[in-house]
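Pasting a structure below so you can have a look.
Here the chain labels run A, B, C, D, E, F, G, H, I and J in written order, and each chain numbers its own residues starting at 1.
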Amino acid sequence: MLYAVTMDVSLPPDMDPEVRTDLMTREKTYAQGIQRGGEWPQLWRIVGRTSNLSIFDVESHERLHEILAGLPLYPYLTIEVRPLATHPSKAPDVP
Amino acid sequence: MLYAVTMDVSLPPDMDPEVRTDLMTREKTYAQGIQRGGEWPQLWRIVGRTSNLSIFDVESHERLHEILAGLPLYPYLTIEVRPLATHPSKAPDVP
Amino acid sequence: MLYAVTMDVSLPPDMDPEVRTDLMTREKTYAQGIQRGGEWPQLWRIVGRTSNLSIFDVESHERLHEILAGLPLYPYLTIEVRPLATHPSKAPDVP
Amino acid sequence: MLYAVTMDVSLPPDMDPEVRTDLMTREKTYAQGIQRGGEWPQLWRIVGRTSNLSIFDVESHERLHEILAGLPLYPYLTIEVRPLATHPSKAPDVP
Amino acid sequence: MLYAVTMDVSLPPDMDPEVRTDLMTREKTYAQGIQRGGEWPQLWRIVGRTSNLSIFDVESHERLHEILAGLPLYPYLTIEVRPLATHPSKAPDVP
Amino acid sequence: MLYAVTMDVSLPPDMDPEVRTDLMTREKTYAQGIQRGGEWPQLWRIVGRTSNLSIFDVESHERLHEILAGLPLYPYLTIEVRPLATHPSKAPDVP
Amino acid sequence: MLYAVTMDVSLPPDMDPEVRTDLMTREKTYAQGIQRGGEWPQLWRIVGRTSNLSIFDVESHERLHEILAGLPLYPYLTIEVRPLATHPSKAPDVP
Amino acid sequence: MLYAVTMDVSLPPDMDPEVRTDLMTREKTYAQGIQRGGEWPQLWRIVGRTSNLSIFDVESHERLHEILAGLPLYPYLTIEVRPLATHPSKAPDVP
Amino acid sequence: MLYAVTMDVSLPPDMDPEVRTDLMTREKTYAQGIQRGGEWPQLWRIVGRTSNLSIFDVESHERLHEILAGLPLYPYLTIEVRPLATHPSKAPDVP
Amino acid sequence: MLYAVTMDVSLPPDMDPEVRTDLMTREKTYAQGIQRGGEWPQLWRIVGRTSNLSIFDVESHERLHEILAGLPLYPYLTIEVRPLATHPSKAPDVP
């Protein structure tokens, strides 16, 4: 089941650089693990913002919340979730 | 180059049913043509809304505007465009 | 799977009374059918507004959109959908 | 009498972990006590957010405010309260 | 039980003057009936707007919705309802 | 002359408890003094929020600003002021 | 007593030109009468908008509402009213 | 050339009282200097808010920005600037 | 003097095609006349919207309002005006 | 390819003056380098705000994000990006 998710990151500008680096490294490792498992098929940077647009493909709401709440950056995120369905104008022969 | 585009459709509820059917048919044909050409790789319905979330992959801003302004539903649409870039946490080995 | 859904109804004040009555009758019949099928377990009026707050319990996003788009009032509705999950403070022994 | 209540939690990310754990423990205990007393029949997590959607069933506005203001997390909450009434399309034979 | 209610009136400027006069007359009669019954103790015009601020004192949410939905102007109103409780700084000896 | 005033209080959650208690005590004393003088005839808690809805009855804008700016909590308040007038549907025989 | 008032005019683009001309003529006559009486000392066009910023100097809220509700354009206006007081940084020797 | 300018002041409540007093004193001196020079003909307090509404009369955008950026309170201000022009309903014989 | 101006066009979808064509032709002629006079040096389409971003270079607020109010599309436009000044980071040797 | 970009700067008012001066110096050097390279052809101050309006002319979304994320002030900026295209009313003979 598909969800469009946007995440806006808001880190305090005066965060300790080491803490910040560690946090970003853990975030990347975690995010790539979920991507490799197939549940986070799309991830883009929104140009000019510390935000992303993501597509998640998971089996349930519970699983989506578990993934999002597990993000190392979670305390610094504002997240919006929109469930997606098939669009009637989608070309059936385009993968 | 990638763009996230949301389109909200606002048709007058009292639109003539034939006009409406004709409009929706032309919209679908047009949209599927662009999809088959590879410039509109993703198209989803946002659940509960007469809205979609789309990913466009075009060579220029000019081309994106040309495609959007050519939509038969264009006079009834509110469109938001956000340019997308590569995200640093994107797993390079996930297609 | 649970979703919180709010629907705001916006009918033109000058709608023909017969058309309106017919529409409201069909809406009620449709809504009660879905409720009896178990997919719309909660439905409340928000006081002072032509709006409702609903809880849906359906198997997929696709099914939720199918139900909502099938509402006779659908062309007059503004709908917001929020996926729900288990809350960690939920008392496990309260049904 | 029924109220729909949403609570958005905003804890400072640099809160002392022990203080935080203690606060969350007390919140859970308090919330489950009210739930067991029957005044907080529904509590859900809104997916991707540190927010909940709740249904309260209390005898008066005064009692609702007393419960909410007593939440250990109260200083960190943004709360919205909407009174609920019976909806005319509610199926009378669905509990 | 007390509620603060704001009502914003939005009448089409081209409404037939007779229809409008009839509507306003019925509104006034209805509103004064509820006031005389004691359930609508305060009603003020918000300066410069076709809006009012009202205090209602009714026994239940159901009754408040019944009163509001019965207003002849109801199809033209945007209504906001806020439940009120005793304020801790209220002087107990001021009526 | 009547004004509807809403005040939203935003105290830092980590405020020293003694400072806070002192501030709240002074606020209460000040507020009750103004109430007893007849210039602050109505004061309600908005349920679930650290906000109030107040009616002030003062001789001038200058006097209203003097009262509000004198509130011990003033640096922590967001205040909205709306002038009130007689409503044409007000029942003249209801006090 | 001073009030800052903004008025946004929203006339239907398809209004009959004669009706429109008549309305604008009556508006101008009415507005200039109030200005000459000294109650509307300042009136400016906000550049690029069919809006104005005005300063009114009247004896009461009741009088301000009477003036505003009497504007021939009143059914087409969105009005915002803000009471003004003396500013502590105002130079006392500047008229 | 005329501009309507609103300034909202947001000082941290825990600012050192001496620093605050010094800042407010310098602000007042600066503001009165500009007023006496004729470029800041109107300055009002918006009732209940740490905000003002001002009219500036300066020769250019550059000069307006120079004045505003020179305010001692500038780092604590949110400023909105709206260019003003002659209103067609302005009575030519009212100064 | 420079101004950034955005214009959002909102034409009724059911406008008579001939009226619409005539309006757009007159708009284009008028706009190009102002551009050739040097007062409208920049004009861009905002991608996906019936909106533009423009830079105007005129001698006064009065002149800007005269140009904008003279646009054939003016009754259908929502316009935002922001005065511009020199930026301190502007490279002086870049034209 | 052209983009309209607005940047709102939000520096903490209590930032160390030396840190601030150093940051602003590096920002200016960086910004002027990009301008001299031809990718940032327009940069204006929005009057009364610590904001700018910029036009960027770059080869791709990726390059725009690289430039913006490289700004020394980036952690303190809120940035909005709007892709621009040719406007049909643009006079072809005006450079």
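We adopt the following convention: a residue touches a chain if its C-beta (ideal position, glycine included) is under 8 Å from a C-beta of that chain, and two chains touch if they have at least 3 such contacts.
Here the structure is a predicted model, which is why all the values come from computation and not from measurement.
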| item | value |
| --- | --- |
| Distance in touch steps, counted as few as possible, from chain C out to chain J | 2 |
| Pair sharing more residue contacts (C-beta pairs) when D-F is set against H-I | H-I |
| Remotest chain, chain F as reference, centres from CA atoms | B |
| Geometric centre distance via CA averages, chain J-chain F, whole Å | 44 |
| Chain C and chain E: spacing of chain centres that average the CA atoms, whole Å | 27 |
| Intercentroid distance (Cα basis), chain F paired with chain B, Å | 50 |
| Sites on chain G at which at least two other chains make contact | 2, 45, 47, 61, 64-65, 81-86 |
| Chain pairs that touch, as defined at the top of this document | A-B, A-C, A-D, A-J, B-C, B-I, B-J, C-D, C-E, D-E, D-F, E-F, E-G, F-G, F-H, G-H, G-I, H-I, H-J, I-J |
| Complex contact set, residues of chain H against chain J | 5, 12, 61, 64-65, 68, 75-76, 79-81 |
| List of chain E residues in touch with chain D within their complex | 1-3, 60-62, 64-65, 81-86 |
| Parts of chain B lying in touch with chain C, wherever the complex brings them together | 11, 13-14, 45, 47-49 |
| Residues of chain E touching chain F in the complex | 2, 4, 27-28, 31-32, 35-36, 41-47, 52-53, 82-91, 93-94 |
